[in-house]
Every structure is written in C-alpha cells, then in structure tokens.
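The two complexes that follow have chain A in common; it is paired with chain B in the first and with chain C in the second.
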Partner chain A sequence: METASTCIMNGLVTSAMYILVSLGFALLLSIMGIFNFAHGAIYMVGGFVTYGFSVALGINPWASFVLSIIVMGLFGLFLEKFCFRPFMGNANSMMIMSIALIFILETGANIWLGGWTRALPSFIPGVLKAGFFSVTWERFLTLIIGAVLLVLMTLLINKTTIGQQMLAVAQDKTGAALQGININRTAAFATALACMMACVAGTLMAALLSLNPYMGDSILNKAIEVVILSGIGSIGGVFFGGLIIGFLNAVLPVFISSALSETIVLVIIMVILLIRPKGLFGYELF
Partner chain B sequence: MLKNPFVTGRNKTVYIYVGLVIVLLLFPLVVSSTFYIHILILSFIYVIAAGSLRLISTSGQISMGHAGFMGIGAYVSIYLSKFLGVSPWISMAIAALITLIIALIVGIPFARLRGIYFTMITLFFGLGALSIEQLFSDYTGGYSGIAGIPALFSTDSKIPYYYFFLILVTVCLIIMFRLEHSRIGQTWKAVAQSYSVASSIGINELQQRVLVFAIGCAFAGLAGAGLAHYSLVLSQSNFNLLASMYLIVYVLVGGIASFAGPIIGTAILVMIPEMSRSLKDYVPLLFAAIMLIVLFTMPKGLAGLPAQVKGWFHRKNKGNTPKEVINNAS
Partner chain C sequence: MKRVVFIVLAMTMVISLMVLGCSNSKTTATSAAATGSSSAENVILIGDIEHLTGVASDQLKPIGDGVMIAQDYINNKGGVVINGKTYKLKVLQQDNKMSTDATTAAVNSLIFDKKCNFIIGSMATPIIKTIHTVTEANKVIYITCYNTGTAEEYGAQTPYQFVGFDGSLEIMRTSFDYLKKAYPEVKTIASVNVDDGQLKEMDVHIQKLAAEYGYTISESVGWTHETVDFTPTVQKALALNCDAIMTGNGSTECSAQVLRIAREMGYTKPIFAWNYAVGADILTIAGTQSSTNWFGHGMTATTPNKPALAQTISDIAVPKYGKLDVLQLAGFTQLYYLTQAIEQAQSLDTAAVKTALETIQTVETPLGTGKVGGLQTYGIAHSLYHPVPMNALQDGKVVDLGFFETTCP
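Then we have the complex of A and B:
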C-alpha cells in the first residue's frame, strides 16, 4: 500500500510536470508549426531565472517566481518576434533556428553560470501526512500548482477569445486569417504562454530536484513523446498523453531497470503510432 | 532528357570533385601534422553519414534517428570483431548489411507514417536503440564507453586510415551520386514532390520510401562501424539525439538541395570545433553562430553561396534578364 500510494503520487507529480512542459510545446507546434527543440532549454532558463532572483538577489521566493514568469513571457515575445517570425512556414530553417537556440542557451548557462548542480530553496518545507499518503509539501504544492494551471489553461483555450483564436489558427491558418484573426499576435501570445509554462515547470522542478544547465535535454524527449503520442494539433489530447507517459515513467522504474523501462515506453509509443499514424487524438497538419 | 554531369562531363562540378580528391590524395605528403589528418578522417566518416541522410531526404523523408543507426552499425561491428574474433574488415561489411536488414524491417511499418510523424518515429527509434544498447552494456559499454576495439591497421600511424577512409568516402559518394541521378533517384524525387501523383503513375511509393531509407541507413551503419574501428574507444554519447541533430545540422547548413551540401557542411562544421579545441566550452556557441549566419544570409545553405555571389554580380553589371533569373534560381 505504501508503494502504491507513493507510485500514484509520483505518477501524478511527474505527469503534471510533463503536461505543463508539453502543453507549451504543443501550442508552438500546433499554432506556429515550429518544432521547438529549444523548449527544454527554455525550461532550464526559467529555473535559472527564478534561482537568480531568489538566491542571487535575495528576493522572496514567491515574488521571484512571479517575476521570473514575467521575464520568461517577455523572452517568449522576443523569441517570436526575432527568431521564429522571419522563418514562419519554413520547417528546415525553423529546425536550424531551434537547434542553434539550444546551443546558445545551454552553453551560455554553462559558461556564465557554471555547470555545477544547484538547488532552489524549497517553497514550503515539511511533510504532509494523511492516511496512507505521506508526501512532502513541496511535491503536493507542485501537484496543486500544476493542476490549477492546467485548469486555467483549459479555461483560457475554451472560454476566452484569444484561446479560441489560437485553436482556429492551429486548425487552419489561412481560414483564421480570413476571419480577421491577427495571426502574428496570436503566435506571439502563444509563444509567451509556452515560455511562461516552461518557466513554471522549470522552477517547480528545480525546487523539487535540482538545477543544472543540461536538465532540459531529458524533459525535451518527454515533451516530444507526449505531444506526438497525443497527436499534433490536439491541445486536449496532451492531458491524456501526459498522464500515460508520466505514469509509465514514474511507475515502471520502481520495478525494472531504468534502461528497460525507457525501452518499453518507447516501444509502446511506436506501436501506438503505427496503429494510429496521427497520434491518439491528432489530425494531419503538415 | 536527364542531365547527368557524371556521365557527360559537361558540367564543371565534376572537375571540382576530381580536383578535390587529388588535393586530398596529396595532402598527407605535404602536411605531416597528425592533427589535421585526424580532423580530415573524422570529416570523411561524418560525410558518409550526412550524405546518406541527404539521400533519404531526396524522397521527402527526414530521419532523426540517423545516429541511432550509426550506433547499430558500430556496436554490431564491435561485437563481431571484439567478442567473436571476426576480422574488422569483414565485420564492417557485415555491420552495414545488418543495419540494412534492420532498417528494412523497421522501415516497412514506419513507411505508414508521413511527414513529421515519420521524422518523430525515427527519433523514437534512435532513442530506443540507445536504451537497448544500454541494456546490453556488457557488450556496448553504455555511457562509460568501451575500449580495446580491434583496429583496422596494426600501425600507430594515421596515414593508412586516411587513405582507406578517403577511398571509402569517395566510393560511397559516387554510389550515392549515381543512385540519385539514376531512374530510381528520379522516382524518389517524384515521391518527395507528391506521393499521390507518384503512385498514380505507377510508382510503388511505399516500396521506394522503404528502399531509400534502408540504403541510407546502411551507409550510416558503415560510417558508425568505421568510426568505431578508427577511434577504438567509443561511448554511447556518439549516437544520442544530439548526434542525430548534429547530422541534420550538417546537411541543412551545407544545403539540403544540392549534392555538395552535406560535404561542405560537414567539412566546415566538423573542422571548426576540432580546430578550436582550446576553447572547448565555447565550441557550441561558435557552432550556433555559423548556423545563424547561414540561416539569415544564405537561404540555400553554404553550397548555394557561389550561385548567390554570382547573382549579385550579374544584377550589378547587366541587370536581370529573365533567362538569368531562371539560371540563378535553379
């Protein structure tokens, strides 16, 4: 029972993280058609910005969290305007751009900040005990923030004008433009949103585990797995994909070696892709 | 009428290639530094891999698991030569063959997917190959690496390796060139332009896509095996996702549209980081700088630069006649 409750909690926390990162990734891929390989690096930068505010400048952790989200949102606007917009619709150029961004961000962090592993001070110390469940407040907080953000994102996409505009652009760019939707503005909003969510995930993960310049690499793999499994163009599918991949990644390594569990996860994804060539909930975009 | 510069010799590019091969043949006689020889050997190996990646891309498919196939070739060859005692010469050939067979087996189901989903399933295959190799870390060494791989030549000198890999890369590139400019290569280009039109004129497009994928991956396996028997110490980090991305960057920066693209891109992007070893930490920044310069100033990659420069002069001196516009565009 102890193992089961730990597994469920771990699965939920891991899934929340994966969904937060992949939601941003999916927004960029669906709306702008950018396969943003730099998303893992942006997640890492988000963690470092919070670290800079809270540890180096000594600002209150919660205030620095909010500040870093704002900073990363502005960074997203910058990225969209100067890096992505000139190459809209050109997949090869986008790929060069995003790989170049990985090199710049990771190497920059490695050179100027140092490659050693740091940790963010935890937001709330202590352990929560309730029946079989015994989790640190940190993990519980991660889960709560993750869940709240996911609900907010769903509401934003489904209930607000800008969210509906994003969906429209994701489905058909030309059609959306003909309806009077400003595609550049929608794309800028989506990029900023994606960077902000990556920043939240990076900060929470840095407080939970650790912070180093190369931590984005593994989460990038997971984000690609989640988004492709759920299907490009389906924002809602990311939740299910994230839960599947998150639980597999959190539960399998408890019982078998990590290399074997990695292989099993990849084989499952490949088999699902072969049965449903557009992903679980996707449709043809390109 | 198909223009085949390699047969007719009408095109100037064939002279450039022959001249390049002659210069490279004479290179070790003039420059005795083993360091430059080493860089050139590495470039030769990666030119095979990048060239085969471009060969696959002529059919409109982009593989992001190419380094994974290099890894399969490398570890098959290591297993045969180190643990079963086969001569490395034979094991390299067998490794290429086994990579071909594996690529055929996985290529048939993968051909169901198109566009970005194909790219992604090859990416997952590359990651999966990596984790399977990690499972057998007794034979592959995993991330800590494996040492004591049998060498091709029993000397310490790099000169025999240089000539062997020069011949190998020349032969491989000639094969790729002939394939691309043969009837089958035109078929692949037709599939790339529109698979539905291609199948409507009687091309079995699934078969052709599997075929080009398998052939390209066989070259990648050969390159991986060559890398193993040249460097003698090998770790899995040579074959991870980043390595696949590097191969794609070599092709894209060189220019995916022209045959010379991967050769130029690999030459420049392998040589510059190796030469600036003293600034090891800054190498990825240098890499990114080259990529951004190419991205913002050369839409056709480094291989398109001569035509681009020619275009500027034509515009300045004569003005653009319609005929020149067509020439410059092609």
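Then we have the complex of A and C:
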C-alpha cells in the first residue's frame, strides 16, 4: 500500500514537473511554429536568475521568484525581437539560431558562474504526511503550481483577447494580420510568456533537484517527448502527455531498471505515434 | 537594412573571436615563457586530454586544472633532471568534450602532430578506451587518474596504461573500513550506481570486495544519465530493506539527491558514497536537514592535517580557482607520478619509463606516500594507490574524518 501511494504521489509530481517545463515549449511551437531547442537552456537561466537574487543578493526567496519571472519575461521579449523575428518563416535558420542559443547560454553560464552544482533553498521546508501519503512540501508546491499554471494558460487562451489573437496567429498568420492583429506583438507576448514559464519550471526544479549549467539538456528531452506525444499544436494536450510520461517515468523504474524504463517510455510513444501520427491531440489548437 | 545589420553583427563576432584567439596564443606563449619552455631549452612534451567542456565537465574540469598546477610546480622546483640535464615540462592540454570523436582527434593530434610520447588525463570509461586504443598501438605511455575497475578500461591487455590515482575499488576499501569501525551493526548494503553499460561487471567487483568484509550487497539499483528525479531509484533501494545505502560511480548530484530523498522518506540509517563526493557540495544540494549520517571521500581547503604537498596545492588552487577540489589533486598526481618515474628511469625512452612506473617503490603524492600494485585485482600491477581523505555529514555539518590507508593487491 505504501509503495502504491508513493508511486501515485511521485507520478503526480513528476507529471507536474514535465507539464511545467513543456507548457512554454508547447506554446512557442503551437503559436509561433518555433521548435525552440533553447527552451532547456532558458529553463536553466531562469533557475540561475532566481539563485542570483535569493542566494547571491539575499533577497527573500518568494520575492526572488517573482523578480526572476519578470526578468525572464523581459529576456523573452529580447529573444523574440533579436533572435527569432529576423528568421520568422525560415525554419532552418530558426533551428540553427535556437541551437546556437543553447551553446551561448550554457557555455556562458559555465564560464561566468562556474560549472559546479548548486541548489536553491527550499521554498517550503518540511514533509506533508497524510495517512499513507508522504510528500515534501516542495514537491506538493510543484504539483499545485503546475496545476494552477495549466488552468491559467487555458483561461488566458480561451478567455482573453491576447489569447484569441495567439490562436488566430497559430491558425493563419496572414489571415490574422488581415484582421488587424499585430503579429510581432503577439509573438513577443508568446515568447515572453514561454520564457516566464521556463523560469517557473527552472526555479522549482532548482529547489527540488539541483542547479547546474547543463540541467536543461535532460529536461528538454522530456519536454520534446511530452509535446510530441500530446501533438504539435495542442497546449491542453500537454496535460495528458505530461501525465502519461510522468507516471511512466515515476513508476516503471521502481519495478525494472532505469535504462529499460527509459526505453519502454520511448517505445510506447513510438507505438502511439504509429497509431495516431499527429499525437494524442495534434492540430487541435485548444 | 536588415542584411547590413546582420553582416555587421557577423563581422563583429568574427573579429572578436580572432582577437580572443590571438590573445590566447599570446597568453600561451607568455605562460610558456614563464615555465621556461622554448625551442632552445630541453622540454618534455606531455599530452593532456581532459574534460574541459561537455557533459560532466562541471565536475571533471578540476582534473585539468590540477595538471597545470603540477606543471608549474615541477618547473618552478627546477624541472626534471635526467643525466645532469634539466628538462621543463610542457603540457599540451586538449578537450575530450566527453565525446569519442573529439577524443580521437585529440589523441591523434598529440601523438602524430605534436609527437608526445606521454599522454595523461580523462576519467570516463569510453574516453579512456578511445585514448588507449591509440596509445597502446603506438606504445605511448598513458596515465589516467581513475579506474572504475572494469576490464575494458584497463588490465593486462593495456601494458602501456597506468592509473595515477586511487581507483573505485581502492576507494571502496576505505569506505568499508570506515563502515566497519563507525557502524558495526551494518550487515547488508543497498548499492545505487549509474547504469552506463558497466553495471553488471561493476556489481561483480563490488560484491566480491564486500564479501571480503563480510557484507552482503544487493545487485545495484541503476540510474541513467537521463535521470532527472531520483525518487523511483531511492524507492527501489529502500524496498531492499538494507542496513545502509551506498552510492557509487556517477555524480555528486546523485549522491546528494539519494541522501536528500531517502531522508525525506524517513530513512535514518547510514548512507555513504564510495566515489569522491565532497561533504560541503553534498550539503549544498541535499540541504541541512537531510545531511546527517552520511560519509564519503573528499577534502577541501579547510581540511586539517593535510600533507604539506596538498597544502601547497591548496594555496595555489584557492586564489586561482576559488576552491581546492580533490580532482585537482588527481590531475596533479597523474603528472607528478609520471615525472617521478622519468627521474627514476633517468631516461625519456618509453620502455625505460614504463619499467620505472612499474617498479617505483614509493611515490610522493599530495595525499601521502603512494605505492604501485594491482596484479591480483586488475591482472596488471599498474595502479598507484595512496591514502584517501574522508569526510562526513552529521546534523547538517561537515566533519573531516582524516586520511585512510588503502591497498591494491
């Protein structure tokens, strides 16, 4: 019973982690058609910015969290204007730019900040125990924030003007422009939002796990798995893709070897894609 | 207009890179002059292939730093004297980028272009294998600073390869020695180890060594380099219901995460790392609350009663690199071992140096007196072993445990 309850809780937390990381990645891919390989590196930078504010400057951790989200939002605006906008419409150039960003950000962090592993102090120390369930407050916080962000994203896209504009741009850029939608402003907003979400994920993971210049590489793989499984073009589908992959990654290694469990997850994704090539919810924009 | 901006940006980048490259060459020339190396002087070229960038470079780069400290230390002491002639060391450092392609290019460049007869460096098995494939074929001496204990990495089939620092099995002996002393109630141990293709073979060595000490060790609970969350790994280890958990080859992060997650799950028994894991680094990642009842191998600048040579290295490393890392000592030792053997051989002939590396009675290392052994363990007596520094975490604080002797039969 204890094993089952631990597996369920771990599955939920791991899913929340993957959903948090994948949301920003899915947003840029769906809205702007950008396969942003640098999303993992941006996630890492977000974690380091929070670390800088809270550990180096001694600012309250929660205040640091908010400040870093704002900083990364501004960074997103910079990225869109100078790194993505010049190559909009040219997928190859966009890919090269995002790969270049990985190297610049990771190597920059390695050289400037040093390559050793750090960790953010817990936002909420302690363990929550309820019957058979036992989870740290940190993990529980990740779960809550993941769920809240997903709901907020749903509401943003469905209920706000800017959200509807993003959907319109995703469906047909030319048509959207003809309707008077400012494509550049919409793209800037989407990029800023994606970077802010990467920052949230990076900060929470830095507190939950650890922080080093290359932490984005493995998590980017997970984000790609989730988005491909959910279906390119689907942001809501990230919830289901994240749940499936999160539970598989959390539960399988308990019973079989880690290497085999990673392989099985990828095989399952392949089988699903063979049956349904566009992913679980592909091309259904929301 | 956009094109003009792009061209200007591109040219600025290219010019910056050229200026950077030129200033690096100048720096190299300047440091070369400082160590006394020039075409007019006697110079021993040492090829050094290190983890300067790429996966795990954050942890392993200090090895390369240690090699450069050793170069400067030896040269400042007067260099290497062979038959009355003084030679200065010149280390040609190249990056393995944790990739076999980059490693192949590096070792070929060092041997065939730069004419190095001595190669040192690298820690990961696939990188070491890549290097020794070339060095063995060309009878070039190769000294690594670590050995996981697997046959493919090192053994009778690699007669020109040596290990210039304690390997995993030598370190593990000290773990078991301390465990026996500090935790006599421990009889069973759950092993958590990286699953990088060597796990099955490592388990054979681990279980054999543990049996010598009367311990029963589980088949290792493996994790991969793609593992983000160690919770399922720890869960599996805890399900084995052992008296202790040990973490092995892999990263400081793994050891720290296992400690943290196990403590959060209510496990209070001893946890230890048999790889180099500095207590202070573990404490940073695992947090104060979880950092108790743990021990591993490591030392810092504040470790008391360090051997004089370690203190000297610490005095250089702390201002230059910000801290003393035990891997700097590993890098230092592999070069220092080589130069002591060259002085014993009184020759740069690789056959003579090889014999000296094998027969040298004692080796001065930063961690104390070292000896060479390994015939029974590895099938070839090419392993340098020496005292191992250990540290522990108790109640959120780092405790230095001192230096432990090991053997390598």
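By our rule, the second predicted complex is superposed on the first by the 283 of 286 C-alpha atoms of A that agree within 3 Å, B and C clash if a C-alpha of one lies under 4 Å from a C-alpha of the other, contacts with A are read in each partner's own complex, and residues count from 1 in each chain.
By our rule, a contact is a pair of C-beta atoms (placed from the backbone, for glycine too) under 8 Å apart; a residue touches a chain by one contact, two chains touch by 3 or more.
What you see is a predicted model, and the numbers here were worked out from it, not measured in a lab.
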### Task
Once the two structures are overlaid on chain A, check if chain B and chain C clash or fit side by side.
clash
### Task
State whether A:267 touches chain B only (first), chain C only (second), both chains, or neither.
first
### Message
Just to be sure I read the superposition right, which of the two partners does A:92 touch: chain B = first, chain C = second, or both, or neither?
### Response
first
### Message
Once chain A of both complexes is superposed, is A:279 in touch with chain B (first), chain C (second), both, or neither?
### Response
first
### Message
Output check: A:249 vs chain B and chain C. Expected answer is one of first, second, both, neither. What do you get?
### Response
second
### Query
Just chain B (first), just chain C (second), both, or neither: which does A:108 touch?
first
### Task
State whether A:214 touches chain B only (first), chain C only (second), both chains, or neither.
second
### Query
Can A:56 be said to touch chain B (first), chain C (second), both, or neither?
neither
#### Entry: Which of chain B and chain C A:4 touches, first, second, both or neither
neither
#### Entry: Which superposed partner A:124 touches (first chain B, second chain C, both, neither)
neither
## Note on the structure
Residues on chain A touched by both chain B and chain C 86, 107, 110, 217, 221, 257, 259, 262
### Message
For the complex, give me every residue of chain C touching chain A.
### Response
2, 6, 53, 55, 57-59, 61, 195, 222-229, 231-233, 235-236, 239, 251-253, 256-257, 264-266, 281, 284-287, 289, 322
### Partner chain C, residues of chain A touching it in the complex
3, 6-7, 10, 13-14, 17, 86, 107, 110, 114-119, 121-122, 125, 127, 134, 136, 205, 208-210, 212-214, 217-219, 221-222, 249-254, 257-259, 262
#### Entry: chain B partner contacts - residues on chain A that touch it in the complex
35, 37, 86-87, 92-93, 95-97, 99-101, 103-104, 106-108, 110-111, 217, 221, 224-225, 228, 232, 257, 259-260, 262-263, 266-267, 269-270, 273-274, 277-279, 285-286
### Message
Taking the touch rule as given, give the residues of chain B at its contact with chain A in the complex, in rising order.
### Response
109-110, 112-117, 120-121, 123-125, 127-128, 131-132, 134-135, 137, 241-242, 245, 248-249, 252-253, 256, 281-282, 284-285, 287-288, 291-292, 294-296
